[in-house]
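Below are two complexes that have subunit A in common, paired first with subunit B and then with subunit C.
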Partner chain A sequence: MSDVLLLVPEIVLVAAALGLLLVARRLERARAAATLVVLTAGAAMAAGFAWPSPEAGFGGILAGDGYARFFDVLFLATLATSTLLSIRHVDSDRVRPGEFYALLLLAATGMLLAASAMDLIVLYLSLELMTLCSYVLVGITREKKASIEGAVKYFLLGSFASAILLYGIALTYGITGATGFTSIASGATENTGNPLLLSGVVLVVLGLAFKIAAVPFHAWAPDAYQGASAPVAAFLASGSKAAGLAALVRVCMVGFAPEHGLWSNVLIALAAMSILLGSLVALSQTNMKRLLAYSSISHAGYALLGLIAGTPDGASATMMYSFVYAFMTLGAFGIVIALDRRGENLSDYHGLARTNPGAAALMFLFLLSLTGIPPTAGFAAKFAVILSVVGQGHVGLAVLAVLCSVISAFFYLRIAVYMYMTDPEGEAPGRFPSTVSAALLVAALVTIIGGVLPDTLAAWTVPP
Partner chain B sequence: MTTYPVLTATTFLPLVGAVVILLTGDRLARWIALGTTLLTLAVSLPLYFGFDKTSGALQFVEAVPWIPSWNVVYGMGVDGISLPFIFLSVVLSILCVSVSWIAIETRVRDFYAALLLTETAMVGLFAATNLFLFYIFWELMIVPMFLLIGVWGGPSRVYASVKFLLFTLAGSVLMLVGLIVLLYAGGTLEFRALAGLRLSVSAQAWLFLAFLAAFAVKVPMFPVHTWLPDAHTEAPTAGSVILAGILLKMGAYGFLRISLPLFPDALEIFLAPMLALSVAAIVYGAYVTLAQTDVKRLIAYSSVSHMGFVTLGIFSLNQNGIEGAILQMVNHGILTGALFLAVGIIYERTHTREIAAYGGLFKAAPIYTTFLAFFCLAAIGFPGLNAFASEFLIVSGAFTRWFGLGIMAVWGVALGTTYIVWLYYRVALGEVNPGLRGMRLEINAREVATLLPLVVMAIVIGLYPESVLGFLRAPVAQLLEIVTTSPIELAGGM
Partner chain C sequence: MAEYLGILVFFALAGTVAGGFVVLSSIFGPKKPSKVKSEPFETGMPTFGIQTGHLTIKFYLTAILFILFDVELVFLYPWAVVFRELGAWGLTGMSIFLGILMVGFFYAWDNGALDWK
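Then we have the complex of A and B:
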């Protein structure tokens, strides 16, 4: 019975999703459904802390440790924030709110499960739950061609990646005879150097690299982000990426610990390519959502830097990075959403500091954080991952990472140039909905507190 | 002893002021900014009166654990090297508020908030006792400066601000990697603790290069100086004053605080190149200055030459050279700040920076021209005024290091006299330029009050250089002891 306690947050989410589906036909406006989702996220978060859950359950396939708890909070906060951001879009895009929010809740359930999974099969299923919901969410605005295009690309490439992941799982199971992470670890120790096991490890890592949109598995991200409505893109960039990282960190640190030498080399390559390509290609983007997509690709690379070390400190750094990134990207998307139709093109930001100083200041804060300039949370997170990279002696990789952050400064701060140093074009944006302002406030608070007092966050980053 | 944390108060009071300004709006912004900067000066006064000049130790130390997981402490403290810069930052900030009173008409609130934020960054940087805090303030300086240039600057302000940002950021990120390497090597980031760390020569050399990237851009040293003329020229007057007065000094201060004491053995490799680059900056900078036709650009390029003197003094590695370099930084802050203020004051009336558009100002604006003459005299190193003492010390330090360096430095001084005197000749003497007829060019009381403190400082330091040098003696001797106890015989000599 006590095992069920592990699943209370997930059960709450699923119950709310099913409830929404039951009344979906009657729901016309987004507000009621969104309120329910936010309350559900709050209830699930409270449930996670209400009683001490067991460290593991269901025969060891699910964990309830501090690591899972940390990501639970991250995903539920992301869910609530994205929901607050989405209300106006759901109404104006004439999406059925019942379906939209049920899918959002189920995707979040998949994320929560992925962070607690201690077994490759559970991990696979939870990630599939997340991505299947995401495919639909990207394509849910059926009248828009770009939305359909993004969804189809995302689906095709995602299926391909799932196949890779599954193939890796099969190979790993074939050699170690286990799907549980701890058994895999002991099986791997006995079979060190077995080429099939090595391919299994590499394939699992690459399959997960798709979920976090690391190069060369990034091609879906720009199209999916651009095609999806901005709140969905924000949810993907923050939640889905963090879920992929959560899975990757636990698989590598626990299951594949004996093969650290191998996967760390794979991660070095993935991280270096993601950082470099993400920053360079972002330079030429003129659409905000595409720009943020490429930025998310390079941030995936930065987040991976922490994991390369394979140490608990490094894993904590990656956890911190995914947390901080989730909120700063939610903030940046939040401004895009707040400006509504005016926020999607870079040229829309001309003179924003004149027409809406508050929005410009917040956007500037998020951009500084994305660039990694102190005293923002983005700097603290970047410092933590680079600290762990240098600790492993990869100074060259650290230099590459910081130089790419200068490149990224160019395109992030170009937006600041537009906002502050040019004259406004067109009419001023309207007032922001109060829900959007609330979400922006949360993101801004995390961005500032995480930068000024990084240790408040570090205390929660319990490595697996 | 005082009952409040002086350094923290001096650092963060302007930040508080900036927040208040952002909350209150345009109407009161000027007065709040003026009040904040004056109050900051008042709050900082115990630093100068309670300071023990005989000691090379850190004083007014505050240390609070900040980020235990990285072993980072919030550490504030000053020694004789950092104190003059804090004073200079605090004073120049007041003058910047004053000179912008009329000149800034758009988005006044944001302007003064950004200006006060730079004050926090400047004071904090010089008060930091560890590399982490130093880095935070270093980066914090970039953002408001970027806005000051880009929002309130001249015609090609956007180009200048982005160039400034990318140059400085590119330099400083390498410092970040160096910082992390040092954190692993030393287990701490406190300057004093790291100074005792003798890493291998090759490690020191790499770290020296990483920090050089940051400092050389900021100083700026030849050949990474190209952002400076654009930034200085396009910035609004207050921005130019902060840039020339303080921001350039951050790089040289970094050499003194970090490069010399932490990597003394690397100097064996880098001493000759650093001296060569310094001399190149002095002479090349001076020749380029001679060719300028824009007043602000001329003063900007003269900074390249003057900062060459500073790095020459620092890398002479003797008491005279380093004391002279620090004094020169203070003097350059006063005089170049004064010249930018003077140019800004006249620009407000004429709206041109072309030298050719001026002429005969002494007839049209005698009081203004007297100030200009004074600052020009001081800038060329007139005996009895402040720059004389510092240039003398640097040249003598350079002669001690290597005779040829001294010759080059003297050549630079001669060229400096030429371009300043020629500038004065073209602007102030002769017949009044027809284009200026009918303009009210004479300065008002507020502007006199802005320039007067700098005149007083120039005279006080000129007649009694000990007023600054007294602070420097003990810490510079201590610094040299660390550098010269290096096991390697330094190249050159007499």
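Then we have the complex of A and C:
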């Protein structure tokens, strides 16, 4: 019975989602539904801390440890922030708010479960819950062709990745006879070097690499982000990526711990390719959402750097990175959303500092953080992951990461140059809705606090 | 290998029965071919013009609703077998599960998925 206490945040989210579905036909405006979602996210977060939750429950398939709580906070904050950002878009795109917010809530439920899963089957189901909702969210603006195209590409590649993940789970189960992470670890120790087990480990890691859009499983991200409405893209870039990382860190650190040598090599390849390709391709982008998509691909690579070490400190660095990245990308997407139709192309940012100095200053902060320049949170996070890679002796990888940071500075700061050093074109953007401003403020606060006082944030990153 | 003999017999029997019915019905069955019957894709609805791959969305909705109840049954049968051992806790769990499914069904109904206009 006490096991249920573990699930209270998820139950709260699902109850709200079902309630929204019941009244979906009668909901006209986004504001009421969005208020419910923000309150629900707050209630779920409070529920996570209201009582000391058991460390594990339901026969050990779900964990309630500090690791899960950390990601719960991240996902619920992402949910609330994306909701605040989405209100105007939901109304102007004529999306039905009941369905939109129900899908958002259910996707967040999947994320929460993915972070506490201690069993491959539970992990698979929770990630499916998240991605199935995401496919629909990307394609929910049905009148736009790009939206449908992005959703179909996302769906096809996502199903393919799910199959890879399932195949890996099947092979792992076949060799170790278990789906629980701790049993897999003991089964793997007895079968070290078994080629089928090695294939299982590699396939599971690759299947999860799709969720975080690491190269070579990144092809869906630019089209899905560009096709989706900007709030959905922000939610995917921050929440979905963090969920994939949460799952990957726990699977690798707990379940596949005996095979560290193998998966760390796979991760090195994935990280190097993601960082390099993400930074280089972003150079030629002219659409802001595509640019942020390639940026998210390279950041997936940076986040993986921490996990390569396989140490608790490295895992903490990755957790910190996913937290910080979620907020700085929410902030950057937030500016795109705030500028509405005038934020999609890079040329829209010409002279923004003159027409809207507040937005330009905030965008500059998020760009600095995405580049990794002190005193922003992006610097502290990047420093921690690169430090952990150097600690493992992968100096070449660290040099590549730093070099690509320099390359990325070119395209991030080019936007800053547009904003501050060119003349405005076209009409000035209108006033931001207060909800968008509130969300931007939250993102900016995390970006600054994470940079000035990185230790306060790092204290919460409990490795699995 | 001896334990697989039963499966082999099963396959042989299944093949014989299925094949037997096809052969018997093609010999003894009445044959009244008509235009609708000899179409490769038969839905029971008369088809208009050339099929270019477009189907009405209603078939999709019906199929989705079928899955809703299909999934329900898949879980209800094993639950019914161990109903007594699971007791009140099992009943609560199943009620919640059915409740969630029914919200989905209500949503489809509410939004006109059942109106075959």
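Throughout what follows, the second predicted complex is superposed on the first by the 464 of 464 C-alpha atoms of A that agree within 3 Å, B and C clash if a C-alpha of one lies under 4 Å from a C-alpha of the other, contacts with A are read in each partner's own complex, and residues count from 1 in each chain.
Throughout what follows, a contact is a pair of C-beta atoms (placed from the backbone, for glycine too) under 8 Å apart; a residue touches a chain by one contact, two chains touch by 3 or more.
Quick caveat: nothing in here was measured; it's all calculated off a predicted structure.
Trainee: Check the residue A:D455 against both partner chains and state whether it touches subunit B (first), subunit C (second), both, or neither.
Mentor: First partner only.
Trainee: Spot which of subunit B and subunit C makes contact with more residues of subunit A, would you?
Mentor: Partner with more touched residues of subunit A: B.
Trainee: Quick one: is A:A46 in contact with subunit B, with subunit C, with both, or with neither? Answer first, second, both or neither.
Mentor: It touches nothing on subunit B or subunit C.
Trainee: With both complexes superposed on chain A, which partner does A:L441 reach: first (subunit B), second (subunit C), both or neither?
Mentor: The answer is neither, since A:L441 touches no partner chain.
Trainee: Using the superposition on chain A as set up above, list the residues of subunit A that contact both subunit B and subunit C.
Mentor: On subunit A, the subunit B and subunit C contacts do not overlap at all.
Trainee: Okay, in this complex, where on subunit A does subunit C touch?
Mentor: Answer in residue numbers: 14, 18, 21-22, 24-25.
Trainee: Note which residues of subunit B are touching subunit A in the complex, please.
Mentor: 66-70, 107, 110, 135-136, 139-140, 142-143, 146-147, 150-151, 157-158, 161-162, 165-166, 169-170, 173-174, 176-177, 180-181, 183-184
Trainee: Could you please specify the touching residues of subunit A with respect to subunit B in the complex?
Mentor: Within the complex, subunit A contacts subunit B at residues 353-354, 357, 368, 373-375, 379, 383-384, 386-387, 390-391, 395, 398-399, 402-403, 405-406, 409-410, 413-414, 416-417, 420-422, 453-455, 458.
Trainee: Under the stated contact criterion, what part of subunit C meets subunit A in this complex?
Mentor: Residue list for subunit C touching subunit A: 100, 103-104, 106-107, 110-111.
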